[in-house]
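Take a look at the structures below.
Here subunit A shows up in two complexes: once beside subunit B, once beside subunit C.
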Partner chain A sequence: MKSIQITINDQVKHVADKTSLAHIIELFSLPELGCVFAINNEIIPRSKWHETRLNSGNSISLFQAIAGG
Partner chain B sequence: MTGSKSEQHRHGISDVEFLRYQRQVSLPEIGEHGQEHLATSHVLIIGCGGLGSAAAQFLAAGGVGHLVLVDDDVVESSNLQRQTIYREYDLGMSKAVAMRQQLLNINSNINVRAINSRLDHSQLKLEVMLADVVLDCTDNISSRQLINKACFELKTDLIFASAIGWQGQFAVFEHSHTFIEPQACYRCVYPFDELPSPRSCNEVGVIGPVVGTLGNYQALAAIQKLTTGAYSLSTRTLHVFDGLSLNWQQLALSQDSDCEVCGAGLSGSPVQSQPGGAA
Partner chain C sequence: MLTIGDKQFQSRLFTGTGKFSNSLVMAQAIKESGSQLATMALKRVDVHNQDDDILKPLVMSGVNLLPNTSGAKNSKDAIFAAHLAREALGTNWLKLEIHPDPKYLMPDPIETLAAAEQLVKDGFIVLPYCHADPVLCKRLEEVGCHAVMPLGAPIGSNKGVVSQDFLEIIIDQAKVPVVVDAGIGAPSHAARAMEMGADAVLVNTAIAASMNPVAMAKAFKLAVESGRLAFESGLAGQVSHAVASSPLTSFLDEI
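Moving on, here comes the complex of A and B:
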């Protein structure tokens, strides 16, 4: 299967082409609760995690929701 | 545009107001017309902590005519490091009451109402209904979800910010436009009723100028909308601030079609309340 290079918070990773965001979260044991995921600076709503597939060069950023004030 | 500045002056704000607000009235985007709009505007500020402290001072000083402050806490010594509206002599007082007094010391020509309790659902809806814009300056996600829901249902713009440690997050949810063009609400971005601990300022700490910066962004967004009728800043965007590098990151937002608050709004049908949701 073709492998592609992506980044997760600026760290380079190699995954199979067209891997879904949901699968990537599982694959790298990324935290889910309280986390927001964006691909190329576009936040992916939770209901789209399964259908959103990664392409070569995509950059995933994940950050914690914060509620303090 | 016709008429000299002095002629416009006679038709607009008073001489005293003109002098007081001259530095912002002289901005072409604001003018006397914008100042008049501010004077008749009504802003609901929920939460009188670090965000509320920063935002409320600029809204009061800028001449927003009606402010409502909501908080059920009292001023503690650990607040003084960043909640700069308070003075040492306010310790032990209700935050909403103490903030009201300090705001009136800044500008006695405005109306400020203090509510020193948590709002129940019907009170929240009433206060949102009265407001032109709502500033979410709270410190917990359950309150934030309730405020978002009320603002969505009442088509009232929600100016959100949060801060912790060296980090800040800011977005404008333009609920007054959601029914024209669907867009993300707070819950689309943050579909959580709780966050993994520690996530509060008590546990993690927060640096004063970061929460102040975020509160100032909220005031700036409100002033844009109230004086000009629209936001110049990019809505549909989450602005994420890092107080160490001083970088702002902008992330595009899109509506979650499964969102339990606004998802049903796609077809224009009324939003069903979610049984067992946050109370």
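Moving on, here comes the complex of A and C:
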């Protein structure tokens, strides 16, 4: 299977071509609760995580709710 | 009962979730405070080092979440952070805060007003953290903010309501709830803000950084209730000379 290079929060990762965003959560044991993805600074709604397929060179940002005042 | 936007609050104490030693203490303290609204922040996930999960205990407790835009240095950052938060936490409630200077964390009024106007149009319930500036608070109200959150003192300073004279003007003029945010360092400060007629206070550091956060949360709960009751009861006025509390019957003169 063809592998592509992406970045997740500036970390270079190699995943299978057309991997879904939802699969990224499982693949890297990332927290799902209170998380949000942006690809190339565009926010991807949770409802589209399954259908959003990654392409080579995608820059993914993953944000998470944390403690704060 | 306090109403902001579409929600009603029995508790007038809002709490922050930062600076607690762990999520268990945080959850217990918020429970003990009676607070029904707790702030959260957002950050980029460290792919290699996961943080303590604080969201689960908060969601379990049923408290409403108020994500903030901490870290935003201008309106563009804040608007992006707001949209991230809405997606991450499934709420359109937002504590809008824009403080570019890390030393004093003073809120930028120009960027805050611009962001507030846009975020209201985008459907957010916007609670802006701002300086105790009566003119700014009116402007924020006019662009559709659902409450204003003027500071008592710099964030985390625990100095109390040093902006008191200006908070009084804000409270007098406001047609939306006034939540005194930042600087409240002791239950007496919270009580003072409530006696002045603030609709609520937001407390984080003073609870989280105390020796016993769970007990301190209760102390703040009581102080906020006490201050509110005093405000509703109408404080007796001040005068600069003594006024006897016992009747001056002069009966000893007659012996």
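Just so we're on the same page, the second predicted complex is superposed on the first by the 64 of 69 C-alpha atoms of A that agree within 3 Å, B and C clash if a C-alpha of one lies under 4 Å from a C-alpha of the other, contacts with A are read in each partner's own complex, and residues count from 1 in each chain.
In this text, contacts are C-beta pairs under 8 Å (C-beta built on N, C-alpha and C of every residue); 3 or more make two chains touch, one makes a residue touch a chain.
Here the structure is a predicted model, which means the values were calculated and not measured.
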Exercise for the section: Report for A:A67: first if it touches subunit B alone, second if subunit C alone, otherwise both or neither. Expected result: both
Practice task
Mind working out whether A:V12 is in touch with subunit B, subunit C, both or neither, as first, second, both or neither?
Solution key: neither
Exercise for the section: Return first, second, both or neither, reflecting whether A:L33 touches subunit B, subunit C, both chains, or no partner chain. Expected result: both
Exercise for the section: Please name the chain, subunit B or subunit C, that touches the greater number of residues in subunit A. Expected result: C
Exercise for the section: Tell me which partner A:I43 touches in the superposition: subunit B (first), subunit C (second), both or neither. Expected result: both
Practice task
Starting from the residues of subunit A touching subunit B, keep only those that also touch subunit C in the other complex, and list them.
Solution key: 31, 33-34, 36, 38, 41, 43, 45-46, 61, 63-69
Practice task
Using the touch definition up top, name the residues of subunit A that touch subunit C in the complex.
Solution key: 8-9, 11, 28-31, 33-36, 38, 41, 43, 45-46, 61-69
Practice task
Provide the residue numbers of subunit A that touch subunit B in the complex, in ascending order.
Solution key: 31, 33-34, 36, 38, 41-43, 45-48, 61, 63-69
Problem - Contact set on subunit B toward subunit A in their complex - result: 47, 49-52, 136-141, 144, 161-164, 167-169, 184, 188-192, 195-196, 199-201, 204, 206, 211, 214, 238, 240, 249-259
Handout entry: In the complex, subunit C residues that touch subunit A
Key = 16-20, 23, 26, 39-48, 50-56, 59, 65, 67-68, 70, 80, 83-85, 87-89, 155-156, 202, 204-205
